[in-house]
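There are two complexes below, and they share subunit A, which is joined by subunit B in the first and by subunit C in the second.
Take a look at the complex of A and B:
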């Protein structure tokens, strides 16, 4: 299959992996995490690696540099980069390749830059170290690349420190750094996953552009097929360290061969029709004229009003820093507002959770973004779910155990999970336990704070469907906080669009999602990547005109 | 039980050695009257008798059997050090966790208070307090425990601070749980590994501290057998090239090394450190 594809490739073979096997150590036992992968990459070609977490895509990506993470080892196969066998090459040879001929762009630029040095100094480090350029040439080069990446103020931005530029700019500065020695190959490891959709576009456009300008080969790792489709010439779909499917991007999007690939392609198609608005007075929750912030000077929310009816889902959308999570903190009482009030069934709730009655606390429950830190690692599932039952509903042990089994059934997990610890569950299962804990309190409103953004796409979709089914059965309302418009489309009845602490548009889903939009809603909507390899080019063209 | 055997199998030789030493000391301390041939304070011979014969390790400056006093010394010194360390951890741990869980003014006041206590050198402070309050064993225990609890407080607070900001603690707060539940059920179980490791280290320090005080005459009072004062009482023998006074010192050193081996291993295991990192 590979040979057939190679005919359509661009230049000579740059990187070749044959039967690559990598093992990782856990509890003194070696497990295979990459199980015999063949990979061919030609000069100037962009290869997309896609799969859920644990697919081995990052491990393969860094193996392209002849490197493995601590606790991992290459147990078989070969990696040949431009004629050099990396698995057996001495450390010194590999060290000379890295940074100069193979570069790496990590997921979190903020964690990868040294906060104590200016961007341009960090840019110059690799070329000077490898003896490619001297420092004044490197500085000139940096400014040239900043221009090509269309960074704002390209002549001076290099003289800023990492904390003085935005997340998207920092990610582009890292791409520039990878380009510093004009490498033959760049490995991009989820470079846009931590960014907002609108920023993601800038970075994707910059990467696409610069890779073409220098004719650099690239491995682009992502869990998001729509993102990969914009850049890659060829895509490899991985799962549990095995290759599922490989093919040219367009061919794969048009005619996926494997069921798993089809599932990935369909991932954002889940939709639910908006339920008709109910006339109720008073609404279940009303947030009226809230202004809130941290400390006396930092105002995060400005005059925000939101209403949530019974059995309805209101989605609050916005980019990071828009104040959507702060809104959740005000509703739960973690952050008393400067102004405004929160009404529950027409009654004003005390601003701080400390002054709310047990019953008021019970009726509003919260589900968090990171199920890992939302569950106490030392408590068994039975205790996690059982505590609200004992605390709010005074159930005795026998009644609690029965209810825990019921709740586990409701979230579609087997009853024997009650005796597991959170460490023995997967991310999606943990999030289900968090849902069960919220349900145990028999609340009328559940606040979901980015509940699916830490999960793999297929798992996230299952969680959304579960939440939907629970709403149909139990008549709870959701305040759904998210940055992901696909999630909003899937689950919401009403949408509240937030920008810098203000509500810019709100209303029924159909109304908000059909034009004419507010200009910010338009920007958000058009920035969501689509499963179409021409989407990015078309969009950039449209925006330029 | 199976887990325990598996754990022991995977332990390095240093940890096994440390555990053997600790078990040996505990056995000696528990069975002191059976192991020894004479009474703890009984004068059985003349002063400074040589090793061998009726007296395995000779006699001390008052003619008491050295071996018997070594055995009873284990009981007294280890027992007192253990009780002191436990008390220090109760005080320091409780206030540290509370400062982290409550934060704000409570944290500020407790922390300043601890810094005031820590500003004074502990040995000098202890000498001062013991001179004023007297040198009975309960007072000795309380004074050292309070001084040592400042170190425990700082550690417990730092560890608990990182846990108190986690979402599962926020969940408990929002549920309306009381302070004690949050400390006991949410924060404490997750701060145990560093605290247990610190317990081992603190125990050694307390042990050395008591021995140092005894050597200076303000620790465990005669005629109770104690390794620190045994070194002092028999120190003159060193001038004659006799190693007997070094035996209690050696006993202290061996236990310290043993405990540290076990603590190192425990830290290594719980921190998930690997050799290649």
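Take a look at the complex of A and C:
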């Protein structure tokens, strides 16, 4: 076995899967979602599982605990953990392993912590229930691990409820909880995907640190190769439940063998140059001195001014809570601001959408983050796209049908998609339908609110290319809201960097992205993981000095 | 805590407004009752003069809004008025009976609530098992039969055939607690059988609803025992809907016991109200209705407070 040679320094085999097959039930039919996977993990080794959604990586991850989600079953193969065959082991044996010798860190800590109990109670639960520690020892342990993970106020943070701490802290609390019984193996299931880049670094550093301190073996699941590269000794690339490629991290990054792996590596390479600024007076959209918030006390935006020219893409970046989406709500009139005005082609727009004319409404359209939620599941594509045609443009049915076909062609989908329901489409296709719906109103400005963050990276890149082509053809402007700097690099002309409701830096893309940056822009930029296994260590070293 | 006190005060004020509206509705509804007390008491042989005199004496000749205001001011001063049928003070008449009704409700609740929650938790724990189906079937059966039927069946089996409990619950205030419990046991059991299904099924559903949550999966992956997952992870988060259903059923135990009281000749408020309606004793009917309405308002307030106390998000804001 090649992996034996590659990992000569690591210990004995801890986990072994042979020909693992798992089936999932959909519409009463069983489909294979993991199609015969072999996996070997040694003590102290970190294995990265990478692939897009539907690759089966999460399913394999929790199968390592002898667990399958409801609606799934193991249909073949073996899973051996430290000499125990899990597929045939009784439930009680598996229960005793879970939490004590194999632990799990979930993607969304906010959802995976029980809202009814304090963090430290949830930390102590596994060791106390498994009879490893009594509750006062466990509490002492918790505080010790909170210290090691450099959590803020480590002595008292455990006595808070999950809703009382921030997302990044909660994710670290979950890493701490996984360590509670000092397990031999931890399964990390996309533990940083829901976090901002700046917070992601803290959690990644915490994971790396703790795994090394206790010499714990780990399976690290992610769709982001750059993140996995920071932690994993070895990487397995999965697609549709099959193994595409397996190898040592550095070797795989330097010399990927399969086309699919190369695609994943190249995923952040799409980039276009900033188009030269146009001298326009007045600009298409001008937001002047906006302060806005929810209720009388919660101020989210503080004196924000942004200009967008015709056929330009202005990207608004910042962490969650920086007020990006609130800005979009002010522009669309969903949230009347406390102060300031929104001008469209030099004309002031009424603060509330209720007082805007139909034409003013038509000119600004929106595309949302979650295409699943933004489409009515009971409406056919024809009706989804046809609605703005009838509402804004008063088209009759024949004209609507012609226009729907045109729009489908524009978003590169076949015309017969008009008769499909959203449920019959993939995530990327649904987002295309949302784009077509926005285009149907023939707007001059489209607000894109995190339109690619719910999509797989390869699909997201296709969507970005599509948006770019549509801009070239239709001369539409985009206000592009995102937390993802790779997206910003790819398609923006201008960048607005926001922090806690204020604009900290704004200007042309090249200017903002070339040093010297504003301090916060620098922090954001340096926090984006790179395809280099040493990136995290180098960065932490640099920041420490 | 300040917030809760503030909320309680607000809700009590709202409750007072509700009761005011209810008093208006009760009064209007009672006006719609056919028949007339004077004629009912004096009989068909009475002359018009005697009827008119009788009415004047009882202030029945005043216009409706004046009678309403008199009644309302009386209540505000704690005076529920006098019974038209026997001239006794209504507070005195109702007081004992209200205590009896509350005693029966409390007895039934102390059996039904723990039983229902336990059965519900167990049904969630052994979902789709033989036990689960049996409990569902049994509780559905008892809720499907009319109350008087359940009551008579219990009388037949436990009182007539086996003779373990008395078939008539003639409780009085000079009885000791155990005697009271003993004599009220059959009506309490009847009520229990009627209300358990609702609470048990809500408990089961509220828990099962949460079993797909990520934090339940997390508990599974922490190797927590299934019984502990249900009681420790699901139940605390399911409390709010369960509390609400329990409270609705408690209100029913106070307000909806008329038939059971009649069957067991239990001297409670429901029976008094039924008697008073047939006697056209309007002030007593009004007083009983108002007490029932107040019960609903207070119990709902209790449910809201308990829901808040059981929710850490509201108890411990950021």
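As a working rule, the second predicted complex is superposed on the first by the 536 of 545 C-alpha atoms of A that agree within 3 Å, B and C clash if a C-alpha of one lies under 4 Å from a C-alpha of the other, contacts with A are read in each partner's own complex, and residues count from 1 in each chain.
Just so we're on the same page, contacts are C-beta pairs under 8 Å (C-beta built on N, C-alpha and C of every residue); 3 or more make two chains touch, one makes a residue touch a chain.
As the structure is a prediction and not an experimental result, all values here were calculated from the model.
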Query raised in the report: After lining up the shared chain so the two structures overlap, which partner does A:130 touch, if you call subunit B first and subunit C second: first, second, both or neither?
Result: second
Query raised in the report: Where does A:97 make contact in the superposed view: on subunit B (first), on subunit C (second), on both, or on neither?
Result: second
Query raised in the report: Given the touch rule stated above, what does A:70 touch, subunit B (first), subunit C (second), both, or neither?
Result: both
Query raised in the report: Looking at the overlay, does A:163 come into contact with subunit B only (first), subunit C only (second), both, or neither?
Result: second
Report task. Check the residue A:62 against both partner chains and state whether it touches subunit B (first), subunit C (second), both, or neither. Result -> second
Query raised in the report: Taking the superposition as given, does A:332 touch the first partner, subunit B, the second, subunit C, both, or neither?
Result: first
Query raised in the report: Given the touch rule stated above, what does A:44 touch, subunit B (first), subunit C (second), both, or neither?
Result: neither
Query raised in the report: Regarding the shared-chain residue A:247, is it in contact with subunit B (first), subunit C (second), both, or neither?
Result: neither
**Report entry** Residues on subunit A lying within both footprints (that of subunit B and that of subunit C)
**Finding:** 70
Report task. Sort out for me which residues of subunit A touch subunit C in the complex. Result -> 62, 65, 67, 69-70, 95-100, 103-104, 106, 108, 111-117, 125-126, 129-130, 160-161, 163-164, 177
Query raised in the report: Which positions of subunit A touch subunit B when the two form their complex?
Result: 28, 70-71, 332-334, 353, 356, 358, 361, 366, 368, 370, 373-379, 387-388, 391-392, 437, 441
Report summary line: Touching subunit A in the complex, subunit C uses residues 212-215, 217-225, 228, 233, 236-237, 312-313, 316, 318
Report summary line: Residue positions on subunit B within touch of subunit A in the complex are 10, 166-168, 170-171, 173-177, 185-186, 189-190, 274, 276-277
